[in-house]
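You will see two complexes here that share chain A, one where it goes with chain B and one where it goes with chain C.
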Partner chain A sequence: MNETKAEMILKIRDLKLFFDGDYGTTQILNGISFDVKKGETLGIVGESGCGKSMTAMCIMRLLKSPPARIEGSIEFCGKDLLLFSKKEMQNVRGNEISMIFQDPMTSLNPVFTVGNQLEEVFMLHQGMSRQEARKQTVEALRMVNIPMPEKRVKDYPHQMSGGMRQRVMIAMALACQPKLLIADEPTTALDVTIQAQVLDLMRNLRDELGTSILFITHDLGVVSEMCERAIVFYCGEIMEEGPVSELFSNPKHPYTEGLLSALPRIGQRKDKLYVIPGMVPPAGQFPTGCVFVERCKYAKERCHAEKPDMVRLDEKHTVKCFRYQD
Partner chain B sequence: MLKFIIKRILSSIPVILVVITFVFFIMRVIPGDPAILILGDEANSKDVEILREKMGLNEPLLVQYVNYVKDILTGNWGNSYYNNESVFKNIKDRLEPTVLIVIYSTLISIFLGVPLGILAARYRNTFLDYTLTTASVFGLSIPMFWLGIMMVFLFGVKLRWFPVQGYKEIQEVGLKTALYYVSMPSIALGLQSVASIARYTRSAMLDVLNNDYIKTARAKGLPVNKVFYKHALKNSLSPVVTQIGFSMVSMLGGAVVIETVFNIPGMGKLAYDSLMRRDYAQEQAIILYMALVFVFVNIIVDIIYKYLDPRIELD
Partner chain C sequence: MDVIDKNNKTLDYTPLWRLSLNRFRRNKLAVLGTIVLIILIITAIFAPLIVQYDRDEQNLLKIYQKPSKAHILGTDELGRDVFTRLLYGGRVSLSVGLISTTISVVIGVVLGIIAGYYGKKADIIIMRIVDIFMCFPFFVIAITMAAILGPSIWNVMIITGVLGWTSICRMVRAEVMSIKEREFVEAAKALGLTNREIMFKHILPNTFAVIIVYATLGIANGILSEAGLSFLGLGVKQPQPSWGNMLAAAQNLQSLQHRWWLWIPSGLLVFITILSINFVGDGLRDALDPKLKQ
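Showing the complex of A and B:
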């Protein structure tokens, strides 16, 4: 937290997300705070439904409001995105912050050529003519290693493989050299070899362009490969935050510990993999105390009654658990 | 493309055969003897018997059917019992107003129905959407003949904006006046399609808006209108085009009612009159004709599909 402000790209403080429905309000995120520094890759890890993607949608302000209601602040380069007008937000999206989605098979519009969809970004944010945009589009496709980009621009998405489509998505996201790239499970839908290629590509482009990446995933292997720091999400709250090397070698939170024990390891033969007992409670039915209490092997009475605070273990490592308080 | 069209035409032969068969037997099942209708109630039974023999009506039904199918296939569709003209000539003489009415109503339903549906989807769950949805329920439930009569009464008799009935041919009065004559019938005929196409467009749009690529388009920073009118619209048009094709064909059926209400000498009126006269050959020819139009429109719809959605392969 001692870094100078100039280096901070994204600064989220006490972010809360609610959905107001006819039958009451459901809270999805509860007091999320974290920073993304310039050029770094921050991982967000957690099970399905823990609020990872919702955090991304909050940053992009892509949630329809109402029913969604966002509280807190999302400072991007010193300005609170939550105070931006619709128009100002459109200038940020795809330009300064862009996003890659999980499923490349459905993320591109099937009835327009990939070239057309890429050109749109250049024309929109850089005011290029169609000819200039076409030239840039070919370059962008070349940058993400698509063979024969001059020909490929005329392809429709269904004429490309999943890996290629995801590379098109990456090209589209990086077209305007954004300061922040949000990658929401970008490799989950790809098979392993293609996954490695895409991750490689993202790493190279990050180093080349200096883009910060917020990398959302449930795959711990990918986190260890891509990220310097990671945040562990559970039920709309942050459980633990720290450098990846430390989270992996020395997990503090019982949930992080559980996640790591559930990983299969090479050289270790087990009949059954470890499973964290219990289920993720559905949104709106989170426990009142610590959200992990029902599945925690260390749970005490206090954990049921009170919410633990974030405890700072050292300069970079924080954890939300009573075991480290006092 | 040519291969596709030929394939489609060949595959529609069974459909046409079924239509021929149905029409043939239904016409024979309904009561009424054409020979008596031609000769009049007072004709003696001997004359009727002679005429029936001449018309081939005394043959067993199956023999009549086989003869009929043979005739159709050899291009001999027969003569009308009523005026002894070839059925083709009768249809040709009556085609113009019907074609005008169907095209006119189709254009009305496309240029009103699609934008209204888009508007309803664009402003979904607002007052505008609710109003349009309610209006479309009215549009779908008002009987066409009643609407026609009310329009005749209001715009024809009271306000004198449009002719009350009848039709003047293009060759005689020019296209503009001819269109003027078919305006009221076309509006009356098109209203239901406006409503159904608007509803189809609305639900197709809303369906498409839930897709991932819409999220991508918004994440690119595209303005809402661009997302809506470019990315969502083209994707939602395929089901709408099907519906347009379908309404166009059902308008041929509606033309029977509307041409009778407005007393327009078109194919619909001819179909109605031929039915009343038990003019077997003429009625069968008209319905076969409509079935061919149906097949043709469907082929056109499939070709339009290809242009709307590149994933579709025609061959």
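Showing the complex of A and C:
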């Protein structure tokens, strides 16, 4: 990677996550490494339970420790977040790194107006008075295309539709113009038309504010629309990383191949869609060799015994598979 | 100008408090209870303007008089007007109920939130204290404390308040344990709020429904406790009237059998007040029940 350090907003190296319980330790993430550049949108794709959201929680340091135990490094603007104190981390959250959650129905506090909740962010991180914060709140709602923002600040979450609520969440997340926005499946709970509007809004705001976005999703269509680069996650490991155009046109990892084959295509007449055989193993029961071995059509003996290393295919494309190792 | 998709329309313009108020209004018993309580509170506050006698005004020539035009609820053993003392007694009984409940709500809510939010050691310690408090019968401890501290209105308030926080503590703890797992709490953490801000700004308001209902019913308990302690001579001291120490007249067999006006009115007021508070409490519980908000 020949990008300069200054261009990197986020640099994660060998990130491991463990949960220590009464019955031993469970490993959730195993040696995750990736970068997010300034102003780019990086997609993280994978099935449910593969560790996408846990990666986000590690970056935000939102996991209770114990039982959670994080190893590795999470460098944000050159500083390791894992070395930050609680107080320092509180200043980072919502201010320099923000997060949007999956379900807009439950992400807002039901007993406060949306205006109240937005004001809180401005007052907390920018030291504004309530009056100043109120003005900024109206502007923030206008920025995310909410009609009549002067009126809507007085609305409670239950008075808004899902799409509106997600816009409010985006406004809250971008209130302090953070350097990095983590979007954890922000459109999953929305219907398709609203989904398109929210994605459109996020794209426009990214271009306007220059915010980097870490976009977590299981929807490959959303990735192709939103992201320049993508990472494919499976069982707490990165299987493949590369530009979206290349991943979609020329997938190298059997898992990426499988995910793309499972997508329905217009004009393609099939009785049944392709399904990757088998199931994602539960955390703590991952295979000892390659984690995808039990579902892989190319699996060899070596795959059962050894873990493959990440192989660089070209400047931007990497894959974790023995087929490209020698 | 931005065009907004029709799917983003507003769903419901009625604020939560108005929805709850409408539901409360539909509950006839709750409305009746509210009206009765308002009347009782107003008469207690404006007692000096309503009555024609002084609270402690004695007339030894008119002792134990039956209800008449001059004394609509008769007179007591010192010739004092029972109706006058009943209204002034309402001040004491209602304020004991309110203040003792405030004490128990403050203690219970703070400890309940801490136990529910932090869990682990904090939870274990607080819940063991709750268990210890709940081991002892309320009246046994209350009588012991009243005997040690001496009879006074403030002691009754403190005793009732300090002994009555355990049930609200448990309820708030249970609510907090459920609420803290909801996504808006995670979102608040992600916005950089401190634990204290999350506990008291975000979680506490979500427990108000439980607190309001408990507090309403707690006032009833406070009034009953005052009545019980004063009846036993360990509560509000004479000459200050309270419904409890007026009920103490029923300890005298002569009064119990032949002078009903000395104890039935105060007993009836305690009964009506408690019943009204319970109606209001039930009405509030139904009105504020989140499951009915959908």
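Quick note on the criterion: the second predicted complex is superposed on the first by the 326 of 326 C-alpha atoms of A that agree within 3 Å, B and C clash if a C-alpha of one lies under 4 Å from a C-alpha of the other, contacts with A are read in each partner's own complex, and residues count from 1 in each chain.
Rule of thumb we're sticking to: contacts are C-beta pairs under 8 Å (C-beta built on N, C-alpha and C of every residue); 3 or more make two chains touch, one makes a residue touch a chain.
Predicted, not measured: the structure shown is a model, and the values here were computed from it.
Once the two complexes are overlaid through chain A, chain B and chain C clash, as defined at the top of the document. Residue contacts after overlaying the shared chain place A:Leu220 against neither chain B nor chain C. In the superposed model, A:His125 makes contact with both chain B and chain C.
By the document's definition of touching, neither partner reaches A:Ala171: not chain B, not chain C. Of the two partner chains, chain C is the only one touched by A:Pro147; chain B is not. Applying the stated contact rule after C-alpha superposition, one finds that A:Met160 touches chain C and leaves chain B untouched. Contact with chain C, but none with chain B, is seen for A:Asp191 once the two complexes are overlaid on the shared chain.
Once the two complexes are laid over each other on the shared chain, residue contacts for A:Leu199 go to neither chain B nor chain C. With both complexes superposed, C is the one of chain B and chain C in contact with more chain A residues. In the superposed model, A:Leu62 makes contact with both chain B and chain C. The superposed model built on chain A shows that, among 2-10, 56-64 or 272-280, the segment of chain B colliding with chain C is 2-10.
Once the two complexes are overlaid on chain A, the chain A residues touched by chain B in the first and by chain C in the second are 60, 62, 90-95, 98-99, 101, 103, 106-112, 120-121, 124-125, 156, 158, 169, 172.
Contacts from chain A toward chain C in the complex involve residues 60, 62, 90-95, 98-99, 101-103, 106-112, 120-121, 124-125, 145-147, 155-156, 158-161, 163-164, 169, 172, 191, 193-194, 197. Taken together, the chain B residues at the contact with chain A in this complex read 211-213, 215-224, 230-231, 234-235, 308-311.
Partner chain A is touched in their complex by these residues of chain C: 2, 4-5, 7-16, 182-184, 186-194, 201-202, 205-206, 208, 293.
Interface of chain A with chain B (complex): residues 60, 62, 86, 90-95, 98-99, 101, 103, 106-112, 120-121, 124-125, 156, 158, 169, 172.
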